[in-house]
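We just call them A, B, C and D in the order they show up, numbering each chain from 1.
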Amino acid sequence: MALNKVVAGPQEALTGVADGMTFMVGGFGLCGIPENAISEMVKRGITGLTCISNNAGVDDFGLGLLLQKKQIKKMISSYVGENDEFERQMLSGELEVDLIPQGSLAERCRAGGAGIPAFFTPAGYGTEIAEGKEVRNFDGKPHILEMALHADFAFVKAWRGDTAGNLIYKATSKNFNPMMAMAGKITVAEVEELVPVGELDPNQIHTPGVFVQRIFQGSGYEKRIERVTTRPRV
Amino acid sequence: MALNKVVAGPQEALTGVADGMTFMVGGFGLCGIPENAISEMVKRGITGLTCISNNAGVDDFGLGLLLQKKQIKKMISSYVGENDEFERQMLSGELEVDLIPQGSLAERCRAGGAGIPAFFTPAGYGTEIAEGKEVRNFDGKPHILEMALHADFAFVKAWRGDTAGNLIYKATSKNFNPMMAMAGKITVAEVEELVPVGELDPNQIHTPGVFVQRIFQGSGYEKRIERVTTRPRV
Amino acid sequence: MLSKDQIAQRIAQELQNGWYVNLGIGIPTLVANHIPDGIDVEFQSENGILGMGPFPYEGEEDADLINAGKQTITAMPGAVYFDSATSFAMIRGKHIQLTVLGAMEVAQNGDIANWKIPGRMVKGMGGAMDLVASADNIIVAMMHTNKKGASKLLKACSLPLTGVGCVTRVVTNLAFLEVKNGAFHLLERAPGVSVEEIKNATEGELIINGEIPEMNL
Amino acid sequence: MLSKDQIAQRIAQELQNGWYVNLGIGIPTLVANHIPDGIDVEFQSENGILGMGPFPYEGEEDADLINAGKQTITAMPGAVYFDSATSFAMIRGKHIQLTVLGAMEVAQNGDIANWKIPGRMVKGMGGAMDLVASADNIIVAMMHTNKKGASKLLKACSLPLTGVGCVTRVVTNLAFLEVKNGAFHLLERAPGVSVEEIKNATEGELIINGEIPEMNL
């Protein structure tokens, strides 16, 4: 029998979350974000959160919802520029912000999940990002040592998933979700469609179920688009 | 227009290989090995090779064919135990062998392809593998620093591929192929079925074509099985 | 003087067949509209696509298919989606042949500053630091001077750096320049722009060798 | 005395519901035949599968579907295939709850030697060094003594190490032992085997606390 990771919904899936914990939250902008898990965090009113997420949502959606309620103490991100409330809290000093080059953020999450405590990368050498970090030359080129990231909970969103926690993402909604799924002590996956084991081709799975502790079928997805951009029909 | 990486066959695909070069060769045992590229290497009689490959084939197949002809100077592998000729050459000192823990071998190939010059891993700490390597504690646990691997050519084998070099592997024939595809200066992919771009679902590709410089439809695959193991029908 | 679209057009002339190209936000995005005939390239967007196509027709937007600027896009035949770690493996591993991005300042030693203005809201570097630290071939697309008329091609950057010694070429509204040996080398003038104007707008060391041709757009 | 199959059976009793398990070559492979009723586990083979099933029926072998011992296998519903880097990410990242492997020697401090005999042909460590360096829960399955009758449970390993201080439990043909605080702690005797026999076959420090029960197979 395959393992069964299914929980009833976001409420059960977030059992154990507590004030002051560290959370990884998948998505790029508003694309591929775990909408249900974020809503549940808002509902629970958990505070003092450290959130590791490439972006911080917009004012009234995504992680912006947690910012509005001042639930987030610290953001670890690569780009946070679509959010007035974020700006206000950051400039006032209410919100701590740790900005990380996007590739280093992705690789540090993967490293956390893969048992690699640290690695060298050229990104950020010679900039303020490198301050206090070990520098070493490889092939004559300077690199800095970056450390793995870990989280108490990782919230990820996939397109399809099976009851054993195997996940398939759609298009560019994959982004940070697979690495964050690897790096959570407890990884909660929400999916648009939950299917029995055996329905997904074992050759086409993006996140093996071994990285997922809890899975549920999400609901009410808004899937907002930040910048609808179109071209005229000829 | 998508890029076109198609070459006529193994002969064209191996243009530029030369004595003394370093080669990565995909596969685990005889599963997922680039049979056509290996045959072409035998045919060309290139010598003094350094081969990075998890295994060394068997006496009369896979990399064993290159060993028979004494074309290999050095093997970098994790396990080489199915090959009498290998044993003879190793014990006589004709063949240099660098044994690497399998996970470190995989990660070092990935690192080479991903521009990560070095990383820390716990594998091999306290063993002879760690001799001469930097040791550092993370969270109180000792790790050793391992360096990226690179190759002049990487030979990989996939199940299906398109003319832009996008690859899909089948079942456990994936193994080392995706990381080696990333780490070759020139990566040559041979596939069982070559299709036009647009035929592969962009969501299901294992190796993006950006890592592949040349692709051809292979032929005459033997796909030998090292240990046929079955169970009785009830 | 070049329009933003013409800056993109001039950069597009540098594309070579078979290249994978990462285009930053702003002017660089426009490069995709000017691919010369007979040149096949593929565009990477670092949020996870190779083979990015044009914007979708109205009504055909897919919330799951965006570029790094969070705009809706389409995928070309032969496209592939991947996660952010794989995306930056491509970038860090030098599998992308050209990076085009904007800048606030470029220094004559190739340093670039494009992510932070002290005292102002910092939005973050996104993927820019990874891109500039790894790419061998970086073209900066920007205005030659800022809104106050001050040169953006400097002896040394005054703003916090994004990367050091990495920019190889710059295309501005005034000129096409190469960055090497610690100086800006003027290669081409924008149509109707004199060498004198470019000199006056360039704070960093400017090397002018012989007759400088006008761009051919 | 236990047969090899019974060693596997005793180890299988340690399986807990929901575990992912990596089984080494030899006796460990047999563990899969003895999963207790009501226990769901998934087997990983480090060459790239989770959800490994039984060997195929004759005629149904697939050259593309093997385990780390290069044997043909099948996949269970819910299985997934992945590359070697991902496979060892699972192992190194502690996503696998139990590792069962064979050994030539185990020391009372948990050191293990199972890959190399000086002067003999060295076949390589395969994935063993990664497995023992990362797993928190390692059961060694082996004979209590070697072919010459010498103990394999030692004060210190004499052979080149595979990993240090990592083995948590050992199941042999004679006994089930826990390795902690620098000693072997006898937990159970194989049916018909006396504590005295186990003592005589164990070179390393052996802690015997109270009455030692017989295994219940």
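The working rule: a residue touches a chain if its C-beta (ideal position, glycine included) is under 8 Å from a C-beta of that chain, and two chains touch if they have at least 3 such contacts.
The shown structure was predicted, so the numbers you read here are calculated from the model rather than taken from an experiment.
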Field: Touching chain sets, computed without chain A
entry: one piece
Query: Counting one step per pair of touching chains, how few steps separate chain A from chain B?
result: 1
Chain whose Cα centroid lies at the greatest distance from that of chain A: D
Statement: Here the gap between chain C and chain D, centre to centre from mean Cα coordinates and rounded to Å, is 55
Query: Any idea how many Å lie between the Cα centroids of chain A and chain D?
result: 36
Query: What whole-number Å value describes the gap between the mean CA coordinates of chain B and chain D?
result: 28
- prompt: Out of chain A, which residues touch more than one other chain, so two or more?
  reply: 107, 110, 114-116, 121-122, 169-171, 202-203
- request: For chain C, write out the residues touching at least two other chains, lowest number first.
  value: 49, 75, 81-82, 85, 88, 91-92, 134
- request: Would you please name all pairs of chains that touch?
  value: A-B, A-C, A-D, B-C, B-D
Message: For the complex, give me every residue of chain A touching chain D.
response: 1-4, 110, 112-116, 162-164, 166, 182, 197-198, 202-203, 205, 208-211
Statement: The answer for chain C against chain B in the complex is residues 18, 20, 40-42, 44, 49-51, 75-82, 85-86, 88-96, 134
Task: Show which residues of chain A lie in contact with chain C when the two form their complex.
output: 28-32, 54, 77-82, 87, 90-91, 97, 99, 101-107, 109-110, 121-129, 159, 169-179, 206, 223-233
- prompt: Which residues, counting only chain B, touch chain A once they are in their complex?
  reply: 107, 111, 114-122, 136, 138-139, 143, 168-171, 202-204
Task: Flag every residue of chain C that touches chain A in the complex, lowest number first.
output: 45-49, 54-58, 60-73, 75, 81-85, 87-88, 91-92, 111, 121-130, 133-134, 160-165
